[in-house]
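Once you scroll down, you'll see the structures, which are given as structure tokens.
In the two complexes that follow, chain A is the common piece, with chain B as its partner first and chain C second.
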Partner chain A sequence: MTFSMKRMYAIFQKDVRDLSKNMYITTTMLMPLALAIFYSTMDEVTMDMHYLIINLCFAAVGVFVQSAIIAEEKEKNTLRGLMLSPATLPEILGGKSLVTLVLTMATVLICALLMGYEPANYMIVGGAILISCFFYIALGTLVGLLTKSVVEASVLALPVMFIFSFGSLFLTLIEEYPILSFIEYLPSVQLVELAIEVETGAVFADLWSNFAIILAWIVLASLLTAVVYKKKEMDA
Partner chain B sequence: MENIIEVTSLAKIFGNQTALEDVHFSVKKGETFGFLGPSGSGKTTTIKILTGQLSHTSGKASVFGKPAATLNKPQDRKRFGVITDNSGLYQRLSIEDNLKLYCNLYDVPSIRISEVLEMVSLSKERKKNVAKLSKGMIQRVTLARALLHEPELLFLDEPTSALDPANSKHIHEGLRELNRKGTTIFLTTHDMGEAESLCDRVAFLNKGRIQLLDEPKTLRRQFAENTVLLELQDGSNITLPGGQEGAKEVYERMASGQVVSIHSNEPTLGDIFVEVTGRELV
Partner chain C sequence: MTEGLIFSNLEKQTKDNILFPNFDLTLAPGEIVAIYSTLNVRKMLLDLLRGKAVPSNGKISVHGKTLEEEKKAYMSAVNICFYEEGLYERLKVEDYFSFFIKLYDSGYRMEELLLDTQLQDKRRVRIQSLTESEKRRVHFGRIIIQNPDVFIFEEPDLNVDMETRRVYVNLAKKLQEKRKASLILTGNLENALTVADQVFRLDENGLHVLQVAEEEESKKEEVHTEEKDDEAIKPFQFNKIPTKVNEKIVLFDPQEIDYVESNDGQSNIYIKGESFPSLFTLNELEIRLQHVGFFRCHRSYIVNLQKVREVITWTRNSYSLILDDKAKSSIPLSKTKMAQLKEMLGLK
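Here is the complex of A and B:
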């Protein structure tokens, strides 16, 4: 398959211009920021609170915004034009994901600054947040491709966001309901676990399993996305 | 001459509904070929199959000598342009920004934007947001977008259905010019005037089948009644047969100054359509 940076960048540029005029998206981004400001006024911000906000950024921006911008391309019949142009699947989805990646990482960064989060190892935590972001964007892409309109996407995104971002809130229920033990393997849970261990002095060698699990989620979500796109390329 | 599109025994079935059945036709290089049919006859379905947006049930559909479904490489995509009812524009962006995206995707310098906007008479609206445009203007922007990369082959699904006569005429001139420069055009329409004024050949599509296929003038001649219509000074009309007898009467009436006008009874494509299919072209 061919990949052209120029075409991916063209789509990225178009989306930046488009998003700057899209109130629906900009207000969604304000949600985690508002909560971060609220938390920052507290005496002590715990690791769980930091990651509640970071996960909210992933959910509200990574999943929600990505699914909305893809569903909108379908709703307004603009995706078909891109598909019929020389742009290929990686270029189209890459361009859109890049916009969401920038937005998500910017929101995470601003929230972390507001709340004074200072990880013991910036490289490891930053890397883990970045690859987690890839997963949520792939998830948002999938939600967007499976739905036909922005409204439908936001409805489907809600439970998906809830499970993947806030699943960790139910960790304590695992003992009582063993069926919920999959929660431990959720990327959000892996990320918090990793971040806590970093604070106790863990280095990359101690954390490879967390990274591996998050990467496995990325691979799974990307494969599903490619399959769904190929299916929709015709007959959608 | 080389065939750009070749379709044999093409069929498309949606669930239990047959949209196309045993369709055969080919489009030669440089030709303007029209699919004429009422709504629901399978025009859009044909374009979607030919542009790889829809799979077909059986038969063969090839474009540029390759199966239509395999034309998905960037270099193939640059060879054709499409407008269908699902060609959307970005509402929040200006006409210019919409076209700029496509210039970048097709690797076309952005000076082309002025040229195509000129062609659809939207140069002054260049900076306007698409959300503020009328339906007809949107149709013209979509056409402009399909022309940006000067494709060898253009698929147009009812290109002027939302346009007033003046704008349609302007677009028709543009399309003829494009065709003169070598672009092959496959268009669908339910407007017989459009088919008549643009197409080298037309196919009548009815309920998913091609019922007639030929050059418009051949069809008109084939279906013409051999009669002439005379409009007389007293306001009445009379129809006279061709040949000796009719010619004599025409002469006499003309000589005695009764005749206001003479018309040959050539049917329009619309008349022929009704005669062949028993249906109106709506």
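Here is the complex of A and C:
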């Protein structure tokens, strides 16, 4: 079947209209914004704080919104209608991912502006944030595919949000519990490391390992999503 | 190439049960056919139609193609209007329609669609604040946009208001004019009889014809003669109608009865929304009841005229009687009987 941009765009438009009236989801988006305002009143905002908020945006918007809008289609029995239409699943998921991407990037941008975050190299930091976003969207899609209702999705998204957005807070525990050393390789931690090095004047050549790890996470999440997708075939 | 939807030698068994034995049914363009069945059979038919279940035997084909052979062609030729269909409740009616117009790349115009579904004044209302009947019309709008060759309606007019039934009947007639085929799957005989040209019953005994468009008129004569005989011995006739309830025989006063429906040779008497199996056939009941204001309004129905509140004309040859009971039951009225009824009412 051919992939139609027109149909994907129709789904994108529909979801934007639908989301704009969905209080449940819009209020979740306010959480990182509220925290950003709170932190911005502090005298000095450290890099860790900036990224705590940015990672929270990824988790609360990227993962949560993506999983919720996929799960809601199942819950409300509307997916069957879509599946019986000429729209294919890649188009449906593509349209939804686009919505989430736009929303996530917008929230990240607003948060960064609120907190006055000014990276030394916009290209590298912007690129890293964008590709991290892809990872979280893949993760959200995975959660959405695995669950059958919005409530289920938000329950499952909670530990995911916790691990990936607050992971960096546990870095100090690694010395005590070596078992936690995997935390260093979390995409969120890698993103913080990358950003800190950018501030010290690092160029792309110094940062390839961080990028590689984040990319590896994207590949992993996409593979998992693809496997689940094949297995479930969206039992609408 | 064969046009339309064809069930050939289709059979389905689940575990130890036969849901339905093999049957053949052809739905040609411009035909409206209703299949009256239980919920189980209906759900299975719908699953078979969209390839969710595999038949035990036989196949379903559209324009000579089965689902397996050509999925895309099949899917674009058939569309199902489910009874339990989700809606994007937060969208406005017009946004919902415009989404599906884009999705199907359909040439339908919004104005036309709103007119066909009678939702003009609701176009800027969110779907969640519509009534159930109006939501049903949104479903109809969607299937109009899809515009397949074969329309399948699951319980199209169950639990809806009069306006929605009218929209639906008009839609069915319009589709017929456009040479589209419609298949109605319902558990409500009255609904099926109002719209369809042909009504079948499908159960574990197979597919049976319940009604064909032309009705035989042979019975009329004998009815008339007997009527005269009865009138002669009119005074003091015992006139209670016996019914079976479990092992008991319960007698009802004719004036309590709302209407009588015949189903597979068994006539059921409806009283205040409850049905009681009668000990007589519909013909016998007709003879017993016609002196007390009952009227055989359809091959399978006798109605108590005292309880009729409205006569609705859906199209030139499809009518319904609306009763004055709690449920506002509606009873089909066939074309030939309409003339007779008009005569009785003194209208010419």
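The working rule: the second predicted complex is superposed on the first by the 232 of 236 C-alpha atoms of A that agree within 3 Å, B and C clash if a C-alpha of one lies under 4 Å from a C-alpha of the other, contacts with A are read in each partner's own complex, and residues count from 1 in each chain.
Here is the rule we use: a residue touches a chain if its C-beta (ideal position, glycine included) is under 8 Å from a C-beta of that chain, and two chains touch if they have at least 3 such contacts.
Small disclaimer: the values here were computed from a predicted structure and weren't measured.
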{"item": "Fit or clash between chain C and chain B when superposed on chain A", "value": "clash"}
{"item": "Which of chain B and chain C A:T78 touches, first, second, both or neither", "value": "both"}
{"item": "Partner chain(s) touched by A:A10 [first = chain B, second = chain C, both, neither]", "value": "both"}
{"item": "First (chain B), second (chain C), both or neither touched by A:N22", "value": "both"}
{"item": "Touched partner set for A:T88, first chain B, second chain C, both or neither", "value": "first"}
{"item": "Residues of chain A that lie at the interface with chain B and also at the interface with chain C", "value": "6-7, 9-11, 13-14, 17-18, 21-22, 76-78, 80-82, 84-87"}
{"item": "Residue ranges of chain C touching chain A (in the complex, touch as defined)", "value": "50, 72, 75-76, 79-80, 82, 84-91, 95, 99-100, 102-105, 126, 142, 146"}
{"item": "Chain A residues within the chain C interface of the complex", "value": "1, 6-7, 9-11, 13-14, 17-18, 21-22, 73, 76-82, 84-87"}
{"item": "Residues on chain A engaged by chain B in the complex (per definition of touch)", "value": "2, 4, 6-7, 9-11, 13-14, 17-18, 21-22, 76-78, 80-88, 233-235"}
{"item": "Contacting residues of chain B [partner chain A, same complex]", "value": "51-55, 69, 72-75, 77-78, 82, 86-93, 97, 101-102, 104-107, 145"}
